[in-house]
Structures are given as C-alpha cells and as structure tokens.
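In what follows, structures are represented as structure tokens.
Across the two complexes that follow, chain A remains constant while its partner is chain B and subsequently chain C.
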Partner chain A sequence: MKKDMPYSVLQRERQFSGSDRVTLVALLLAAALPLLTSNILVQSVASQALIGFCGALAVHLMLRLGLLNFSVPGFMAVGGYAAAIAAEYGVQDLFALLGIAFSAPVVLAIPIGWIVLRLKGVYFVLVTYLLTEIVQLVIVETPSLTGGTNGLIGFPPTTFFGTELISGPAVYYTCYAAAIVALFVALWSTRSYGDIYDSQAHNETLAQSLGLDTARYKAQAFPVSAGVAGLGGFALVQLLITAHPLSFTAASSVNYIAYVLIGGAASLLGALLGTVVLVTAITQFSWSGEYSLGLFGLLLIFSVLFMRDGVVGVFTKIAHTIRGRNQLAYPATQGDPT
Partner chain B sequence: MDTFLLALVIGAMFSAQYALIALGFTLVFGILGVVNFAHGSMYMLGGYVAYWSVSTLGLPYPIAVAIAVLFTGLLGALIEILLVHRIVEDHLSTLILTLGVSLVIVTGVSLIFGHEAPQFTFPIAGSIPLGPAYMPLDRLIVMIVSGVAILAVYLLIFRSAFGRAVRALSIDQSIARTYGMNPRVLFAVTMALSSGLAALAGALVTPILSLSPHAGESVLLTAFVVVILGGLGSIIGATWAAVITGMIQSFAGIYVGGSLGTLLLFVLVIAVLTVRPSGLFGAPARGA
Partner chain C sequence: MSQAALSVEALSKSFGGLHVFKDLTFDLAPGEILGVIGPNGAGKTTLVNVLSNQLTATSGTVRLYGEVVSGRSFPATARLGLVRSFQHTSVFPTATVAENLVRARYFAGRPPQIHTEATELLEVCGLGAVFHRKAVDLPYGLQKTLGLVMSCLAEPKVLMMDEPAAGLERVERIVVDKLVHYASHVLECSIMIVEHDMDLIRRLCPRSIVLEGGKILAQGATPNVLSEPSVISAYLGEALEANDAVH
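Right after this comes the complex of A and B.
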C-alpha cells in the first residue's frame, strides 16, 4: 500500500513525538476540568477552546502540506448543520451525531478537493475563502432545510446512553468528545503521513521526483481536515444550541489560522497552545469591549514579526538555551579524555 | 429591452468600481507578492477620511477625496516600510500581518467615529436619460473618475520608468537591484499607490452605498473574486474580470435575484479555475 514511501518515513511512522504526547496528555487532563471548577464562565471558555482546537487542527493538517486553508468555517457549518438536521429527524445519540458531523464534510470535501487541490499557493487561499462564502449563501438560499438567515433552533438535545446532555458540564463534555475525536484523527493523519506532508510542503517537485504521489496525499488530507472541522462545527452548534450561518463566517477562519500560527505551525501542540492562549486572550479582550478586535490585531502583528515559530518556538528556544548553559557548566560530562 | 439596457448600465457602473478596488490589490500582489488583507480597510478608511474632511473641516467634496487618497496612500507606505518590508519574502506571514493591520484600522475607526453609519451623501444628485434608462449622475461621475484612474495606473505601470522599474523588481529582484533599483522605495510607493486607489474607491463609493467600520469586508471579497478570475498580479486581467464580475452581478441581480446571483458568480469563478488554475490572465501562483 505504501510502496512509494521512502524508507525513513516507514521507520518513523506511527510513533508519537514528544510534543504529540504533551498534546494528548494535556487534552486528557482537560477531562477533569468540570471536577475542578463549577464556574460556568471557565467551562464556557474551555468549551470555546475545545471548539477552536478542532478548527485549528483542521488548519494545521492542510498547512502541513503547505496549503493555507480558509474553508474551515465552511466545513464546520456542514458538520454542525448536518448534526442539527439529523437531530431534527430523531438522531440524538452522541456517537451517531459525531459520526454524521465528521462524515458529512468528508463526503462533500472529496469532490470539492478534486477542484480546489489543483490550485496552488495564493489561489488555494482565496478559493477556500470563497468556498466558505458559498456555504454561507447556500445556507441562506435553502431556508426549508437550514432555516435560512434564522438558522436552526429548537432541535432535540444530544443524548449519551439515553441521558440528555443539556447541563453546563454535559455540554462541556460534548465539546470535549468532539475535540478528542478530532485530536485522534489528526494524530493518525500526521503520524501516518506527517513526513510525506512535510516533504510536499518544503518541495513538492522534489517529493514527486522521489516517487511520491503528491496529488493523492493532498486529496486524502483535505477531506480529513474537513471532517475534523465538522466535529468543531458540531461542538459549536451544541454549545450555542443553535445552528446559525453567522457562527461560520469566512472572517472567523482568521481565528483558526491565528491559533495555529501563534501557537506554532509545526506541531499539534502549537495548535493547542495557540488556541488556549488566543481564546483566553479574546475572552480577556472582550472585557475591553470595543478595543478587543484591535488588540487581537496587534497580537497577530506582534506574533508575525517577533515570534515566527509561535509559542512552541519560544519554548523550544528557551529549552535549547538552558541545555546550552548546562553543557557549558558541565563540559567534563561531554566525553572528557581523562 | 429596457431592463436589458438598465442591467447593462448598472453593470458598467459596478465594473468601474470593482476595477478600481481590484487594481490596487492585484498591483501589490504582482509586485510585492503580498496578499493584502488590509485592502478592504483602506477602502473604508478612504471613505471615513473624506467624510471627516467634509463634515468636520467643511472642505469641498473633491478636495476631501484628494485628502483621503493622500492620507491613506501615506499610511499604506508607512505600513510597508515599518511592517511589511521586514518580512516581505514570507507570503504567509505578510498575509497574517496585513490581517492584523486591518483589524487595528477597523478598531481605530470604530473608536473615533463609532459603530453607526454616518450621514455621508454624494454632493451631486439627479440623473440623466440614457436611451430608455436613466443613469444616476453620482454613479456616472464615479464611473468616469474610476475610468481615468484605471487609465492613469495603466500608463504608470506600462509606459513610465517607475512602472518598468517595479515590473523588473517583480520579475527578478536581485537583477533589478544590480541595476540600481531600490525595492525599499519602490515597494513603499507601490503600496501607497494601491492604498490610494482603495481610498479613492472608498471616498467615491461609500457616499452612494454605505459607510461603516466594516464596509471594507465585502469590498475585500469583491477584490478576491475579481483578482482570482482575472489572474493574480495581472492588471489587464483584473480590469477584464471586473467587467465580467460587474455584468454578472448586475444581470443576475435583475434577472435572478440578490444572493442567488452572487452564489452563481462564485460558482462560476471556481468553474473557471478548474479550467485555468491561474485565472484568465494570471501567472503560476506564488506560495502562501
């Protein structure tokens, strides 16, 4: 099946990196949050972070291939609306709805990917932005199915083995379930094909000359990214108890991209850290009312100019500096000839 | 027949506006390689500076438009010199940087002028008969000024020493430097020109349509559609694509109806890209 993979890739696949382990452990620990605090605001911000994390993962997966994807809110809308419509038709089980929220964008992304993945660089960026606008217009133009500009409200609540998930902690765990599934899908994708994706991002022509079917891996990553975004859309619809087109605007794609770039585009940990930092910052900024958007903009400018490798890059530099100092302090441990 | 002519007239007006908006956007991409997400906010800022010049300083509208163009052009040059130039080689970072700049400008305008749309109207009203249809004078003036500005940009880029220099820089920066061209100055002038064009469009169009801190968002989307269709970086392509986009929006708006027409346009753009992945007149894409 993977006869076109270089040997080194076969050696490294399916092994978790250190940052992957930290990401996984951090998300597993997040399950304990409702046990540690009953503060509704904290749970709400944490739920928003989990939703943002799904969006950031979707951006990260395509960015690994060197493609900046603005269609994440569009596929979030597809996942969120598909689950809400399924709920209206009597499907309330959490696992079934997660499956629908993941599958619907995947199915849609396969033919769309065939068209948009032929585009490169900036054309891909702008067309994926356009895709989200198209999804918005389709929602507005199909009121009988999607509720149009009013959105879908009043659909039956999601259930977990028959228990309705409507309380604050239950909604948090619904968002958590979406985020953990999204993380496992992203881990599977990056561990299985991460090196192949990276090679395409760095030099697609060279990757092709080494025998990689780059079109195939792009066509594979795009629906996976869409499915991960769909899980985030499902969680957002559950948190807001409504599926509304304004929850999935093209402008919101900026947030998910910012989470990844500010956290660090090279790893899943970057997506997690960027989401946590920015969702918390946005919450803080929102207390500053009208300044919030500008402060967010300043943060973007600062990060791009002074933190090119994101928060993860800063931590890595600090770790390297400390390691360097230790080596200078104890030179005898480094192969002392005596 | 009357409806057809009306659609044609409205389409011509849309086309002129779209060309003016898209030209600056495609110019900056073609020469600097920057996808300028702050372009829409420059349009909005142009509208607000013109409004402030008329309402606070009491200046005549044409002078207010000139001030808007100069102020926004200067701001564009400063943004290029202080921020964009530091990372101009990194297309992804400049995209995010200009996004940040856009958010800061929108917030600044909201703080100074408030979130509500101000009363800003075009100083000339009325219409003139054009066959069976009537052409509003304000739209006609916008169309003429836009046409002159587009022609001026074309002459500047394709018939002047400055134009030859920036085109040389966009093709091969290292060779252009060897011949004494200074990217620091030329990039700043290009950004000023682009921002000034967006401001001109904003100062001319917002009194007819509407002015609000978020007025630039839809304009940015229009610029996207036009430059994707025409081919990024192509001035000729942007002009033709603006005509196609303007006509489709006008005819679809009259014969099909509001958002369905826009949806049709977006689908058409994607369909064109399946056949010509670099747009109608575009070069192969730069990375981002």
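Right after this comes the complex of A and C.
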C-alpha cells in the first residue's frame, strides 16, 4: 500500500513483491547455467535443486495457509508416474507431459482435499504423511501399471519439438521447464490469493467471521500444491530415467519442508534459497560419508536457532540495519530546514 | 408490527450433558441496540457463538429479517449480514492496518470504497495515524479498536459485539460509543452488545436482557432491568447498589 493512497478507496495488495521479482530473475538466470559450465556434477546438483524447488513450492503454498503438508512426495509420485506411463503410451512431447504431470495430481487431490482439509494441525500432518505412504503402497501393489518395486524403466525419452531430451544439458532444461512452470503457478496463486491465505494462516476465525469461505480457498490451494509437486515428480523421473517408489518416500517430505523453513517460510524466495543452500550442503556433506547426516542435522539445528525467519529473514534484517544507518547518516533530510 | 431484525426462538446449546442455555427466545428490532448481561458462565459468549453459527445450536431457530440462518456455515451467516466481533483482540497480525481494513471489506463482499464517515471514524479511533503499521505492532487498545472497526466495515445488518470494552482503559471506551453510533446511525444496523461494563450498557442500550444459568432472568428497559432485585442479587450484587447510590 503506497503511503499517499487515500484510504477512502482501499485496494488489495496484489502486485509482485520485491522478493517475487528476485526469485523470478534468479530462476531466469539459471537458464544460462549449461552455457557457463559443462561440468556434469554441477548440472546434476542444479537439476536436483530445481526438483527440490518444485517440492518446496508445494510445501510453501500450503504453509501459507498454516498447513504443514507431508503429502508432497506422494503427489510427486503421482505426477512422475503419470508422465512415465503416458510416455509408455507414446506421449513424449514435453509440454504434454508437463500438462499430465500437473493435471494428474490435481485431479487426485480434489476429492482427497475434500476429506483431509477438514483436519488441522498435527492431524493434518499425520494424514498427509499417511497419504504418501498409501501412494507408495498403491505403486508397489500395482506392478502391471507401475512396475511395482522395480519401478518403470526404459520409457521413451521426452521430446521438445521432435528433439529427444537425453543429453545432460537437455535433462537440465527439462527440470528447468518443470521448475519455471511451478514458479509461475505459485506466483499466480500467491499473488491472486496471498492476502486470503495469510488471513487464514494467522486468524482463520476472524476471516470467517467477516464472511470468507475459508474451506473454499483451502480446497483450491491443495490441488494447486499437488500439481506443483507433480511437476517436481516429473522432473525427478526425467533426471533418474526411472520412476521408482523409493524416489518418493514419505521421509523425503522432511527435506522439502526443511528447504522452506531454512530459506524462510514467508516468501517464494525463501523456498528457492533454502533449496539451493540445502541441496548444495547435502552434496558437500555426502563427501563426508557416515558423518553426512550428522552434519546436515547440525546445519538444521544452527538454522533453527539463529535464523528463525530463514535465510531471507537474515537478509531482510541486514537490509533494515543498512537502511537505518543511512537514515541516521543523513538526518538533514528529515530535520529542521534552518 | 415490523419484522424483527433478529428473531431467536427456543434456542438451546448443550455440550454433552452440560446445558449452556435452554429455550432462549427474544427479538431484536431493526435499528435497536440490545444489551446482554449476566455473570461469568451465564452463556453470553456461547450465545454469540451460536447466533453467528460459529457453534451449531442444539435446537431452536434463528432468523435474520425472516430468513432462517440456523444451520448455515459461519462465513455464510456473516455474508447474510449477521456479523460478530470478538472479546479478545482479533486482527490479522502481519498485515498493516490498511490491509486489515481492505480484507474486512473484501471478505464481506463489499466494494473497496468506504464512507466518508468511516474515514472520519478511523481518525477518531486513532487508526488514521497508524494506517501503515502492522497490526501486531499496535498497542492492545488499538488492536481491539481495529477488530471492532473491521466488523463495522463489513456493513452488517445485525452486529453482535462481544465485550467490546473488555481490556480497554476507561478513556479508550469512548471509542466503543463512537463505533456503536456509527453502526447504528450510518450503517443503520441493529446491535447486540454483550458487556460487563454497566455504565456502557446504560449509555448505549435502551433495552437489555439478563442471562443467568442458561435462562433469561429478566428483560426490558435497561434502567428497569438493572434495578430488578432478582438481577441485583443474581449478578450485580452490592456493587451496583453502591454505584446507584453514587449516581
């Protein structure tokens, strides 16, 4: 809200925020990565970060409503498997597969949301965690469709205007396409309904008392979150060239939640920064063998203790401090003109 | 006889074997300001919760200008025009005052424009000076005031204020008078005020009902109700007698 706006006409805050712009620019710049380096390891880690970003966005969308969502790996599995199965049936076009990977979890999440969104707090957490376990069970118990415990291997490669996306950079750009679509969906959702989500997260009773049908917006956000997760699942399946149940375990939901909390739960930029920091850290720690999990845990404890608002919160504090110093350094701008 | 703004018929609410209130029947006329008083535990706040459909009634019917609102959802009831405010501070903490007001209008399905009288009200209530501050950074009194203003900006047909003066300093309580005046004269809505502040009830409510033990102990003109011996002994005790002696 601009300071000079007369409050006889109040407008909803729906513009892009500064952090949204930074997120968008950062992701657009990430398109140049394969041009800057041909290092396979760097491209692989970057691809993992893009996949993690999709998962983190899915967590972020529900966290904006105050709901901690553990069903992200489940919907990633639905998106990833749907695309892999579609490829087996001859659908190879990137855009079509992105559409399938997004739509399949959305369709599934609509009726599931009708049930699980009646729950709150720890009950919602528990049920969404179990949801991922149920998806795992369904995958394992339907081998004719999903390959069961062996997964789906050897499905035809994805194509982009007829060109097969099988090289390292091509796979990176496949993950990138999923991430950029996920970001635009998340931007649309948070810009269109951010104030509504925020109201529900912080004072749902007040929002309802004023006439907001909060159930409707939860029912809307849950499938969108599922669709975004599905895009991440598609990217993961493309990276691994396999759709396997172990890629989508319920335990992996902790990672996506950690990405958001470490980066900062209040913004999309937090999801991006948290993902980049933790995926990089996990890769670095993996060189330390048996100590890797311990180092990862220490990083999480340090972050929770000293960065309550995440990485974005630290940057925001620094920016406020600098702004405060600047104001002190030029008191004449506000002081007595004499 | 004109149609009641709010008509409550044989309304009951129980939690298992605990009967909070039983067979409450009363009307609120268009434009009327009704006081609801009673000792702690009499069921006043539960009554507001049930009337607004935040809680489901065990039995009974609530009508808003003849339309049955019982059994509707909490938000749907508010959209019909039966809006409540809260005893405690209730704001969107991370949003600015301006954003809180925008949300109140938007969630109630109202256009963003607000009356000139409302802008004046914001100034009088002290919210104009903190328009761009986050609600969480406001002192208690302003947060409470903001919550009350938001319920007014929803432009209800019937406004139920649950202890609007609770927690406010004596000098701040004049804000409640101004809000009630705005709601009554500008919005022309009916108002039900649940309150422990007897001075405020006397000032603002020509008619009152007294709840005690889940039943209506007395109802009628506020001065008469407050002077009834049964009300004095059941709720107000010697404090009011001493207060009356002073007045």
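Here is the rule we go by: the second predicted complex is superposed on the first by the 322 of 338 C-alpha atoms of A that agree within 3 Å, B and C clash if a C-alpha of one lies under 4 Å from a C-alpha of the other, contacts with A are read in each partner's own complex, and residues count from 1 in each chain.
The definition used in the following text is that a contact is a pair of C-beta atoms (placed from the backbone, for glycine too) under 8 Å apart; a residue touches a chain by one contact, two chains touch by 3 or more.
Note that the structure is a prediction, hence the values are computed from the model and not measured.
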Quick check on the superposed pair: does A:Tyr129 touch chain B, chain C, both, or neither? Answer first, second, both or neither. first
Which chain makes contact with more of the residues of chain A, chain B or else chain C? B
Touching partner for A:Leu293 - first (chain B), second (chain C), both, neither: first
Between chain B and chain C, whom does A:Leu36 touch in the aligned arrangement: first, second, both, or neither? neither
In the superposed arrangement, does A:Lys120 touch chain B (first), chain C (second), both or neither? first
Scan A:Arg308 for contacts with chain B and chain C and give back first, second, both or neither. first
Complex contacts: residues of chain B adjacent to chain A: 29, 35, 83, 86-87, 91-93, 95-97, 99-104, 106-108, 110-111, 115, 217, 221, 224-225, 227-228, 232, 259-260, 262-263, 266-267, 269-270, 273-274, 277-279, 282, 284-288
Going by the contact rule at the top, pick out the chain C residues touching chain A in the complex. 52, 54, 73-76, 78-79, 83-86, 90-96, 98-99, 101-109, 112-114, 116, 119, 122, 128, 131-132, 147, 150-151, 154
Which residues of chain A touch chain B in the complex? 66, 68, 115-116, 118-127, 129-131, 133-134, 137-138, 140-141, 250-251, 254, 257-258, 261, 290-301, 303-305, 308
Can you name the residues of chain A that touch chain C in the complex? 1, 3, 5, 7-13, 195, 198-199, 202-203, 205-215
